[in-house]
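One chain, chain A, appears in both complexes that follow, with chain B as partner in the first and chain C in the second.
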Partner chain A sequence: MMDLDPTGLARLQFAATALYHFLFVPLTLGLSFLLAIMESVYVMTGRRIWRDMTQFWGKLFAINFAMGVATGITMEFQFGTNWAYYSHYVGDVFGAPLAIEGLMAFFLESTFVGLFFFGWDRMSRVGHLVVTWLVAIGSNLSALWILIANGWMQNPVGSVFNSDTMRMELTSFWDLIFNPVAQSKFVHTVSAGYVTGCMFVIAISSWYLLRGRHIALARRSFTVAAAFGLASALSVVVLGDESGYVVTQHQKMKLAALEAMWRTEPAPAGFTLFAIPDTQARENHLEVKVPWALGLIATRSLSTVLPGIDDLVDEAKQQIRSGLIAYDALERLKLSRSDEAARASLGAHAVDLGHALLLKRYVEDPRSADDALIAKAAGDTVPDVLTMFWAFRIMVGLGFFFIAFFAFAFWLASIRDFGRHWFLKLAVWVWWTPWLAAELGWIVAEYGRQPWAIAGILPTFLASSSLSVAQVLFSLTGFVLFYSTLLVVDIVLMRRYILMGPAAALGGAGHSAARPAPAAE
Partner chain B sequence: MAIPLDYETLRVVWWLLLGVLLIGFAIMDGFDLGVAMLLPFTARTDTERRTAINAIGPVWEGNQVWLVLGGGAIFAAWPAIYATAFSGFYIAMFLVLATLILRPVGFDFRNKFDDTRWRTFWDYALFAGGLVPALVFGVAFGNLLQGVPFRIDGDMRVLYEGSGLFELLNPFGLLAGLVSVAMLATHGAVYLSLKTEGPVAARAARFLPYGAATTVILFALAGLWIAIGIEGYVLAGPVATDGPSNPLLKEVGREAGAWVGNYARHPWMAIAPLLGLAGAPLAAVLVRAGRAGLAFVASALGILGIVATAGLSMFPFLMPSSIVPASSLTVWDASSSRLTLFVMLVATLIFMPIVMAYTAFVFRTLRGTITGEHIEHNKSSLY
Partner chain C sequence: MGAVSSSLMEFLTAGLRPRTPLGHAIRAALLVKLVVIILMRVFLFSGDDRPVVDARMIESRLLGDAPSRLPRLPTAND
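On to the complex of A and B.
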């Protein structure tokens, strides 16, 4: 799967730090909007309980937010430390959305989050509400720009290779922003965050309801989270980012891999409910299929054909051959920048240059590769089918579970029935499921991007820095130990504040000297 | 789309903006780092420590974005620098990140248990989160000025040939690191004088003259060393200032005193080192005169002067290579494409004023000093 060379270790480090970061980000995305909704009700009705709710969930938000920021700092600099060639090769395009994220979103979120926590008695009610909304909007805008950057890794639009600088350069900022893959990823990811926030609030509220504690706060929180959760769960499934998987060859490969669809099927293709993919024999065992379903989900049409893995590998061979022409032209240009014939040849085949680079895994000079090696490199374009297939199925299964769960919760809240113990217990038991779905979603999207760092442009094994194993091992071990310790502290603190409950957590807060106890228990 | 600015101008503008971001970080997050460094010295009891922590509590998060944005802007506008500096200074960057990670959790977690050992642990974590980044950033600048052992191959892959962390900790690198520590500790002390009352403010005020003197002496020493003891880098032969960003198309030479050449050619540039020398002492005098607000401005100008001195001395170099000088990264060959620089400039011109406006609003809303009574009164709503 991964080798213990510097690149393999750098990949492990990226996966570990991204997966840690992604434990906290979805909750920030979801909770920030829930806080904004709760405080809006407070400002509209003037009822104290809604302010207590905002502040209590805000305490838990603060613990989570700190971890999100702590793990996010590493992500920002990791491209430079571990992925220097990547940074050089695509910084011209990829860096821009990251920088704009800081400028437009992270600044907004981080500057106002301090006022959210400490500005309660320094601002009018409406003023503070505006601050809370700005934090929520900032964190969601942040996700937008990060996913624009990530969407470009999946579907590198609006850019071209420049042989003078040996890198990808931006040709259209609008194409970068309105990349269809980025747009669908954004909606899908923030919706998943809202589901996470809602599940968090419902699970804790259910626990309070079961214990008969903090009933007023728990019922209201349950209701808000059920309504927002239902809308979000519908959004996360219906607007799943599979819709973006048909636009490019590489995304088609990802789709074929996560469906374990080895051979092209007549449209509309069936959806495989269960199978054990066999990557050696290139077929599935114990397959259970729903006819037509995949074609309908993925293409929203009855006639569009979805190519299978074998056909896509054949396409990759063609691209490698075309890429070799570009590679040869590029080498000639390095010798003489005025070689116009080479420049023209490179221009015609530049889109396939990345495919020729796949050969660098096996030979120093790709031009010396024979047919067998080209076939081998083309075979590398297939991601890990078994992992993809099951990660995707569990994620989608959880997605449908969330719809059912929040629909029932919403119905309970509508009829004001907060006494169904079996459901409350279920809610307490399944609190962790959105995190599992989110982490699997990351695996499907990013592990499924392999062998590419930038789909079709830059293979992962070329993208890393020139570092020693010892260096990367040191930082990998350091971050994992560090993050794991902090995660334990984070969970202990979360638990402590949940057990304390709102009265004690906010108690003695004394925003004003004669502050009444939180409303009716 | 026709880009209304030529490549050379865009590169100079982004060199200036890089300076703005680094100086913005040093001024805004610098006082957070400084307060954290001074924590064990200016604040002894728990209430005092909470006073100091809460003086920066509501604003440090926003301030840190200057660093995040700085990283993002280097990635977007100077990708070659981003790739070379962060992979070259690998273990140093790890130390910075590891200690910076301690800050958000330190601020938020410290107050969550009423236990002396727990709180003392986080006090020292915050102390490290202030001291280590300040030191490492200074050391990094010190090494940039001496040149860094990297070369670039024909595929534009950076090969760093240094031996690691300890090589960075050479005498001049350490001196630059100490300049940074002294400068930010002084800045933090000015901020504490401005935002706190009682024993914390008193100790900060007592520290100030020493901090300011140390800053000025070390800065002057570093300046002399650069003028006399360190070979700078010069472009040998003509360079296309609007050419492609390919660092291998030029020749570079080394000369003693080259880093002060810019001041001889453009005497107005001397305003930067003069500000760097005057800022901290002026801040100390103003605090004594009871004008802490003005002192903060003076201290910020001092920081501006010191960071700008480093940048102006090296212009147009950004990251010279000590082993293959021709691989050095300069303003003319390490930037992004013209389109990216332009798009990023438009984004900056739109959003930077907005950021400044709401930052000013937040500081205004949080105006006033933090007192011990206020801290005692808000046991769980404050840090």
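On to the complex of A and C.
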């Protein structure tokens, strides 16, 4: 579990702000595409109701955007305040995509959002439609750059350690952008955002249908969200599978931890459907397994062996020993920059330097560590198995629920049956589930990265600033209070405009949306 | 371009003269955020409060301050 020392509190602060920020992001990602689809239908058919729909959901998009905007900035501040060593050590690499995202979000995305809201009666229909699509594409591109930065933390490609500057330096921007971990995370994450947007629209539409209000708008919104939601839910699971495959290639310990696979199994490994992992005894109780499934999903082969946690810990011991050679070479370079033997030794073992640094948690000079300490540090490479195991299973379970939910919604929409009260009630009750799945996804990704700030490069405890518990606790309390206030304002505003409905929310413009639908509709 | 620039102009001035209750609410929320960000800039990143980290600090963090006196570890070439 997380220690409540300055590093633990800094992690908690970052996690809290990131998870809060990600309450807004998926809805922005999903709603923006739904707006673009609705407005496309308006431009193609010329029917006013589709414009009203775009404007009504656009209003809720505006509330979400306004409350969410800048909540991510605090994370960038935290890199400076709480993660100063991290920022210096990897800033040359990590800073580039982060800066591009900032420029995109604040100039490109915000400009198009402004045009979307204030250009309705000034721009041509097609011109405004182009703007709406650019809002959607722009918000997704912002996500891309953030996930490129995050993907590098999971799989640090395209960079090397420079012993002269004592920092990581970028060697290939191309490798950074096309990092397979970043790319698979991007498509998985934005698809999850689309599911969130679709669930939001279906839930509110169902609520209107249950009360017999704004029927025409609700039916059409339900239909669009059901169709896009089904495609997105299928994408989330398929792309999540791809994400898992990439994890198998680059983050073996994370995979072993989320499967609670303590020992290496003969290929193809079974998938644990249910178990109660015992982290002390390093075994699972009441295990229910699907034979072969994990091996097939994770390696797409019948013969590739997936290493278990114990074997990966043994591997980590070897990496620590190799890293100690790099550490020793670095110490010798510190005494003499012209020591070419040391430089060559560092070059040969630099890839494992981060593993030697794990020992700094226990001993000032890692080279003085004995076998017991090395074993202890190697044991630290195992993330919290219990949290990983259940967070992953709940997330995957929700993913399959979304497929069933949207498939049924799509079938109802295709036969124009909007009167199944039990389903409409279900839709209202489960509106929050995509947020839960998305937050659990981040927990799996980031908790599973521990004990590393940068996988295999920089341990988290060395990345944090030299702050006191009181300092971090003070800013953490401030963030929690401020963000909770913003969340309350967001919910109050959303609720108010949902209760108002389209006619009132659009200031009387949405007449067609407010009218009851003709029987033929 | 006239439509684009006039739309953007209205977008920029909407913060000064919001015309709807929602506009007022959004302006208030954005103003509070701006104030918080400025306060963070002032109190978290000013003068002595700013944690300064440079190459020397990183070296000290990763390697320690004292020069090495331990015997050299064997390498693969030894």
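Everything below uses one rule, namely that the second predicted complex is superposed on the first by the 492 of 521 C-alpha atoms of A that agree within 3 Å, B and C clash if a C-alpha of one lies under 4 Å from a C-alpha of the other, contacts with A are read in each partner's own complex, and residues count from 1 in each chain.
The criterion applied here is as follows: contacts are C-beta pairs under 8 Å (C-beta built on N, C-alpha and C of every residue); 3 or more make two chains touch, one makes a residue touch a chain.
Note that the structure is a prediction, hence the values are computed from the model and not measured.
K.L.:
Given the superposition on chain A, are chain B and chain C in a clash or a fit?
P.N.:
Pair status: clash.
K.L.:
Mind working out whether A:210 is in touch with chain B, chain C, both or neither, as first, second, both or neither?
P.N.:
In the superposition, A:210 touches no partner, neither chain B nor chain C.
K.L.:
On the A-aligned overlay, A:231 touches which partner chain: chain B = first, chain C = second, or both, or neither?
P.N.:
neither
K.L.:
In the overlay, answer first, second, both or neither for which of chain B and chain C A:489 touches.
P.N.:
A:489 contacts both chain B and chain C.
K.L.:
Where does A:426 make contact in the superposed view: on chain B (first), on chain C (second), on both, or on neither?
P.N.:
neither
K.L.:
Tell me which of chain B and chain C touches more residues of chain A.
P.N.:
B
K.L.:
For A:475, decide between first (touching chain B), second (touching chain C), both and neither.
P.N.:
After superposition on chain A, A:475 lies in contact with both partners, chain B and chain C.
K.L.:
Determine, under the contact definition given at the top, whether A:368 touches first (chain B), second (chain C), both, or neither.
P.N.:
So A:368 only meets chain C here.
K.L.:
Which holds for A:92: it touches chain B only (first), chain C only (second), both, or neither?
P.N.:
Touch partner of A:92: chain B, not chain C.
K.L.:
With the two complexes superposed on chain A, say which partner A:119 touches: chain B (first), chain C (second), both, or neither.
P.N.:
Touch partners of A:119: chain B and chain C.
K.L.:
A:108 in the overlay: touching chain B, chain C, both, or neither? Say first, second, both or neither.
P.N.:
In the superposition, A:108 touches chain B alone.
K.L.:
Which of these chain B stretches, 26-34, 98-106 or 260-268, gets into chain C when the structures are overlaid?
P.N.:
Clashes occur only in 98-106.
K.L.:
Would you tell me the residues on chain A in contact with chain B in one complex that are also in contact with chain C in the other?
P.N.:
62-63, 66-67, 69-70, 73-74, 77, 80-81, 84-85, 87-89, 111, 114-115, 117-119, 122-123, 165-167, 334, 465-467, 475, 482, 486, 489, 493, 497, 507
K.L.:
Any idea which chain C residues touch chain A in the complex?
P.N.:
3-4, 6-8, 10-12, 14, 20, 22, 25-26, 29-30, 33, 36-37, 40, 44-45, 50-55, 57-59, 61-64, 67-68, 70, 72-77
K.L.:
Under the stated contact criterion, what part of chain A meets chain C in this complex?
P.N.:
Contacts found on chain A: 59, 62-63, 66-67, 69-70, 73-74, 77, 80-81, 84-85, 87-89, 111, 114-115, 117-119, 122-124, 127, 165-167, 324-325, 327-332, 334-335, 344-345, 348-349, 357, 360, 364-365, 367-368, 462, 465-467, 475, 482, 486, 489, 493, 497, 507.
K.L.:
Flag every residue of chain A that touches chain B in the complex, lowest number first.
P.N.:
Within the complex, chain A contacts chain B at residues 62-63, 65-67, 69-74, 76-77, 79-82, 84-85, 87-89, 91-96, 98-104, 106-108, 110-115, 117-120, 122-123, 162, 164-167, 169-171, 173, 334, 465-467, 471, 474-475, 478-479, 482, 486, 489-490, 493, 496-497, 505-511, 513.
K.L.:
Taking the complex as given, what residues does chain B use to touch chain A?
P.N.:
Chain B residues touching chain A: 57-62, 64-65, 68-69, 71-73, 75-77, 79-80, 82-87, 90-91, 93-94, 97-98, 100-105, 107-109, 112, 154-160, 164, 244-246, 336-337, 339-340, 343-344, 347-348, 351-352, 355, 358-359, 362, 365-366, 377-382.
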